Structures are given as structure tokens and as C-alpha cells.
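My questions will all concern the structure given below.
Just so it is clear, A, B and C label the chains in written order, and each chain counts residues from 1 on its own.
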Amino acid sequence: MSLLSQIIQFTFSGLANGGTYILVALGLNIIYNATGIINFAQGEFAVFGSFIMITLCMAWGIPAPVAFPITVLALAGIGALFHRTAIAPLKKPSVITMVIITIGGSIFMRGVAMLIWGKYPQRLDPFIDAPPIRFMDAIIKWDTLLVLVIVALVVAALYWFFEKTVTGKAMRACAENREAALLMGINVDRIVLLSFALSAALGAVAGVVYTPGASMEYGRGPYFGLRGFEVAIIGGLGNSVGAVLAGILIGLFETFSAGFLSPTYKEAITLALLLLVLFVKPSGILGKAEVARLKDF
Amino acid sequence: MDRFDWKPFAVLSVLLGYLFVFGKLYTLMLLTRAGMYCIVTIGMCLLVGYAGQVSIGHAAFYAIGGYTSAILTIRYGVPLWGGLVCAVALSCAVAFLIGIPTLRLRGHYLAMATLGFGVIVYSLIHSSIEFTGGSSGISGAPPLTLFGTNLAEDGGIFYFLFVWINVAVFMLLAGNIIRSRPGRALMSIHGNEEAANAAGVNTSAFKLKVFVLSAGMAAYAGFLYVHYDGFIGANSAELMLSVIFVAMVAVGGMANLWGTLCATVLLSLLPEFLRRTQKVKAADLPDFIHNSLGLSDTQIFKLIQKFQELDVLIYGLIIIVFMIFMPQGIFTGTADMFRTLARRVRAVRGKRRVSDAS
Amino acid sequence: MLKVQSLSTNYGNLRVLHGVSLHVSEGEAVALIGANGAGKSTLMKSITGLLPPRKGTIQLFDENITAMAPARVIRRGIALVPEGRKLFATLTVQDNLMLGAYHRYAADRAQLDTDLERIYEIFPRLKERRAQLAGTLSGGEQQMVAVGRALMARPRLLLLDEPSMGLAPTIIEEIFAVLGDLQKQGLTLLLVEQNVRLAFAMARRAYVLETGRVALQGPVDELMANKEVKRAYLGKGYKEVWE
């Protein structure tokens, strides 16, 4: 394979992975913006999404276009339940207790996933079962393209939600100033609940687009979560435009470093980037935190 | 707080003494492990509970300690004490280097940085197969000997004692640190750094010291572990273990050494407890379970088998439940509960007496 | 219209209001003055339901609205322009105004554009800046957005918490002119101010709050004549009179 076709190959798989990470990171941002909480269980939403999709498609034979929305709705419910049972009852929330409690939630969900779907990886058939596109020796699966389209659509839909709908604006208002939002008659508690549901739904989409042609196992949550954190931090916590850029960046960085540097140390290299950004510029690549917040959608 | 609080030590000694005399070997082994975890969590308690710095990567230091000593003693024939010194020194050095930039971060950023660090160490251990044995780990570490006795002999009774003496020493040490000037300053203002700095306490130096100390303690525990078991694998650096360490401190009530100790012992026995339940036979179960559930013996057997996989789930549940209902921790929380209970009982009795009299 | 009776409110264990009573009649403008930390903002929060009181009652017409959730209070026609404006800085001016009408968004959709136009008539400057992020406006413009946002709720009673704070005199004049017009059109006002002259120019009656208690109350001209008020609130110009 020539260098050029390798580059093409890596670019596509990097973008597809990056797309998944973007979705996880956007989910993190939504909860962070509405509540100031970083949800350490975000990766588990992706795992659940993937497993539910696998069950619906592989075990129950429901066609993917039908199973997909069902999965997303199911996760929205799980997200809401997570908020009601683990987050809402907390009397004195502090950052430390929130970190620990969402970690507790993630472990719990991991345990549930293991109980329901077992310890072994499970497979999901490709969505589009057609021969892959060959382009100068590079092999591009149709599913990869589908992932890119889905991620683009979801990002566009989110943009529309936060820019054009009153509920979306109310959610931003809660994030911005809780007290003023209450004065407007916004039911902040319900909006926060909605943010958890939306965030979990995004996690589900991430899990679903990640899986076809690959497999899922119960312990993958932290992987998604870590990539999501990395993207969210590098893009600037709470900044969704930044998350999209950072997601593309990390996806490409990961595949290219695995391809050209060392596949063995891919994980360590990619995470080292997270530490580097945290140490050098914790507010993310888009500059100052205040500016980043103004650019938020 | 200035006087030495001997009561908990007395209770602990009696318990340990009882176990030493009457305990089964297997129980001793479990408690030896729990003691090693205690050494880690005492350090973590200082770090998370008192200095207010979350770390979700402390298993990395535990693993660094274990692996360093194992590799040096097995491959290079370094004597045990050399392995120990190198293990602790390396871990402290890494903690120092990582701690300088990391401890500038706060809240979520700090949690994520330590998490990232922990996972990096795990993946390095997992991937450097020539060096660490990858997923198959390293075995054959020489057993710990002291004054010419192999501590692991005789079912490890001496090892058990040795580890718990260590725990006691570290408890004393930790108590002294808490009572030291910077420790008191930090505690009295509940980790409010601005106030501490204003009071003339250099909090960043103190945080770094505590971080390095806790890393050293974790490494020491890793060292104790590898020369007890003879084996160490990549799972010693796993994220889950780091999380369990934090959970132990949280369940203990954060800034509460004795609570942490309690929680550590209980939580480290939990998987074993669940594993025991697996041995229950379906036929042993009372009839009403069969009848009310309408399940066959094989189905119940499968359910019971599943039960042992519950440890992950139950860990999660315990963390959530404690954070919500007993944020003051297992020690203070239980005491509070009994106190409220006693007050209620007294109130009821009082009422009765009043109504009897009238 | 609004009747507050022996209201006590805490922050945690700290009692800030100690049995405050006041009333506002329909169409009236009432001023509430008092030093920093007297509890004026706390009273506003208690009325709007942000901080439920521990004791006492709040009545709007015949309904008891004590400790009602803010979302329900605003539906009954009480809107607050909070201290420090509290705009949604990363939303546009128009979005801020629209969110003011959030509680009647679904029911009143057809009406909203007309209402918005009305706000733009009142504050023409906001129309020019409708697409700008609220956080990038000047202080005076931000206060206009805050007032406009509260008006979008179509309140019967408008509470204002120090609307003149930190603003240039010309802007203050502009905003108070608007408030005066609104009052003439029948809006009831409860105005919290540190700038007593301003408040007294607008209101007929006033209450003086001191460390969580109503220290004085009465018609504005009577209070103007009161030595205590002069000394404490009316400042230098009156000093010679006092001395």
C-alpha cells in the first residue's frame, strides 16, 4: 500500500473514531453545562447503547433503522433514571462527591451490563452489507461513511436544538444562570433531567455507530469515557464547537500515531496528549475559558 | 485530639489477636491482603480526605511498586531490601514529577488528569511485554524474609502480623501528619486553599508532599503484595482498583482514618463474600423460594452463579448509596444512626413513662 | 395587591429577615430602601419563591403564594428584575427577551412578536442590538434587557432590585423615565434602591429596612422629613440640615 493510500485509509478510520468521540464529548458537555458535573458514567451510556442495539438487531432480528431509534429512546430513559436515582437525591453536592458518585454509577452500570450481556464480546452485523469502496488501495467501508453522515446529522440537530428551539435556549439559560432561569419560570430540575436524557441518548448514538462490523464488551465504558474527556477537555470543557474540532483531531491523531508511530503504545500516546493539554492549557485549544464559553452552542 | 486515642487500637488488637489464634488460614490470607490495601488507603485518605485532592490513578503507584521490586529481584538478583528501596523511590519520583503539574489542577480537571495517568501506566504495563510480561504478568518473586524467617511460611501467619503492624505504624504516622501544623490548617478550613495560604501555610508544597507520600505507601503495599503472592499482573494497575481505593476512602467518610480502615477491610472482603454465596446449593434453599419464584434447580443454580459476578455492581451501588445516605462515612454514619436510634428509644420510653404516670 | 406578613427568611441557619411586613396596592409604586446587607434582596427572593421563607405569609390578592415555586409565582404575574441583572450572557438580546416570556411561550405564541415589538419601542436601542450576545452589551443596555425581559412576562407587579446600580446618570434617567411611564399605564412597582432620592422621586410610599426588620414606613414626604432617614440615606446635601 502506498503512503498516500495509507493516509487516506487512516484519515477515514480516524474520522469515524473521532465521530464517536465527538458524540461522547458532546454528551459530557451537555451535562456539564446544565449542572457543572462531569459525568464519569458517560462511557457506560455508549456501552449500553451498543448492547441494546446488538440485542435488538442480532437476537430479536429487528432491522437496524427501527432498532436505532428504539435504542436511543431507551438510553434517554436510562439517563433520566440515572439522574433521578444517583444525582438528584444528593443533598450536598461537591465536586469530589460528584466525581465519586458518577464513578459509582459507572461501575454499577458496568456490573449490570456484565450481568445482562455477559463477559464476552458481542458482534453486530454491518449496517450496509455491500462490498467496500476501493480507492487507490485504500479500503473504505460503507459503514464508515454512514458513521460520518450520522455524526454530522446529530451535530446539526444539536445545533438546531440549542440555537433555534426555546427548550434548547432554556437549557442554555439554566447553564448560564440558574437563578435567573428559575425567575423566567423555567423548571430547572426538569431541564437538568432532560440534559441527562439527551446526554445518554447521545451516548447511545456513539455506541451504536461504533459497533457495526466490530464488537462490544461490558468493560469498554472507560475507553469511551476517557476519549470523551480528552475531546471535551481539548476542545474546552463545555464548548461544543471545540469538541467537534478536538474530536476530529483526536480521532486522526490516534489512528495516525497507531499507524506510523506504534500500534502497541497507541493508548498511552493518545492519553499523553490529554495530560499535555491539561498541564499546559486546561481551558482547551480554543483559548481562554470565557471566550470558549461565548462560542458555545 | 491531642491525646493519643488508644481505644480503636485496642479494639483492633483484640480482633486481630482473635483472628491470629482462631482464624482460619484462608481468612488470614484475605485479611493480609486487606491490610495491604489499608496501607494504600491510609495514604489516599490523607490525600483525598484531608488534602482534598482526588486521585483516580493510585493503582498505578501500587503496580509500580510491585513490578519494580519483582523485576529487580527476579531478573537482576537484587536483594529484597534493594527492591523495596527502588520500588518506593521510583514511585515517589514518578509521583513528584507527575504531581507538580497535576496538583495545580482542581476538581474535575485533577480527577481526569490522575485518571489519565493511571490508564497510561496500565497500558504501558500491559503493552511492554518483554519487560513486564504483559497480560500474563510476572511470577516467581522471592518471598519476604525477616530475621531469617520466611514470613509467608506456616500459612502466612507472620506475614499477616507483619502487614498489620505496618498498618498500625502508618496509622500513627498519618495521625501525626494530620495533627501537624499544615495538616491542622488544611483540615480546619476544609481544604479551602485560599484561606490556608492566607494563614501562611504553603498548601501546594503540602499537597505535593502528601501526594508523594501516598504514592510511596501505595508502592510499599505493592511491594508487600508481590513478595507475598509471588506474582503480579497488569490488573494491579487497573482503573477499577484505583476506583476501589477512592471508594474505600469515600465510604470511610473521606477525612476519617478509622472509617477508611473499616471501609477498606469490608470492601476488600466483599468479593470473597459474594464468591462464597456461589457455593450455596439450590437444594439448600428453602422451599418457598422454589415455589414463589417457580424456578427449577438448574435455573436457580445459574442465578446463584451469576450472583458472584455481582461484585462490580455492588461496589457501584455501595458507593452511590454511601454518598447519598451516609456522606459522613461508615464510621460516623453508623455511630450517628445508633445515637438517633437511642434517642428515639429514649423518647418513646419517656413518653410511655409519662403516660403510665398519668 | 401584595401583602407580606411577618416574614422570616434564613440562609441555612442564619436568619436574615425577622418578621417583615409590607403591602403594595394595585397601581402603586412603593420603594424599599436600606443599607447594604439589610435584607432587601433576600425579601425579593422570598417573594419570588427563590428562597422560601421560614415563617410568615405572602399574599397576592386573595391567594396565598408563600413558598410557591418561582415558575408558579411568575404565572401569577410577579416578575423580578434581579440584582446585578443576571442576564444570559451567551444568548442574544432577543433570546433573553424571549426567555422572559418562557412561562407563557406555548399558550401565547401568536402574541409574542407583538410583545417583543413593544419592548423594542420602549427601548429602541435593544432593537439595534437584538442579535448581539447579551454579555457584550454595556451596563446600561444590559439593564434595559433585564427590564425588558421581566416585562416580557407581562407582570402585574414588577419587582426591581437596585436597577440603578453601577449605571451612568443619563442611563438611569432613561430607565426611570420608562418605569414612570409604565407605572402610569397601570403597572404596580416595588422598587428596591440604595439611591434614595431616585426611589423617592418615583414612589409615593416607602419602607426602610434595617438588619432584616422594617424600621420605618410611610409616605415618602414624611420619610423625607425624618432625621434618621436624612442622616443615613440622603447623604451629604442634607448634612448641614442635620448638623
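One rule holds for everything that comes next: a contact is a pair of C-beta atoms (placed from the backbone, for glycine too) under 8 Å apart; a residue touches a chain by one contact, two chains touch by 3 or more.
Worth saying up front: this structure is predicted, and the values here are computed from it rather than measured.
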{"item": "Chain separated most widely from chain C, comparing mean CA positions", "value": "B"}
{"item": "Closest chain to global C-alpha mean, per-chain Cα centroids", "value": "A"}
{"item": "Pair of chains whose C-beta contact count is the highest in the structure", "value": "A-B"}
{"item": "Distance from chain B to chain A - Cα centre to Cα centre, in angstrom", "value": "32"}
{"item": "CA centroid of chain A to CA centroid of chain C, Å", "value": "43"}
{"item": "Distance between the centres, which are taken as Cα means, of chain C and chain B, whole angstrom", "value": "55"}
{"item": "Residue numbers of chain C (touch at least two other chains)", "value": "none"}
{"item": "Complex contacts: residues of chain A adjacent to chain B", "value": "38, 40, 85-86, 89-92, 95-97, 99-101, 103-112, 114-115, 119, 222, 226, 229-230, 233, 237, 264-265, 267-268, 271-272, 274-275, 278-279, 282"}
{"item": "Contact footprint of chain C on chain A as seen in their complex", "value": "166, 169-170, 172-173, 176-177, 179-187, 293-294, 296"}
{"item": "List of chain C residues in touch with chain A within their complex", "value": "48-50, 70-71, 74-75, 79-80, 82, 86-91, 95, 98-100, 102-103, 105, 133, 135, 149, 153"}
{"item": "Residues of chain B touching chain A in the complex", "value": "48, 52, 54, 56, 101-102, 104-109, 111-113, 115-117, 119-120, 123-124, 127, 239-240, 243, 246-247, 250, 254, 306, 309-320, 323-324, 327"}
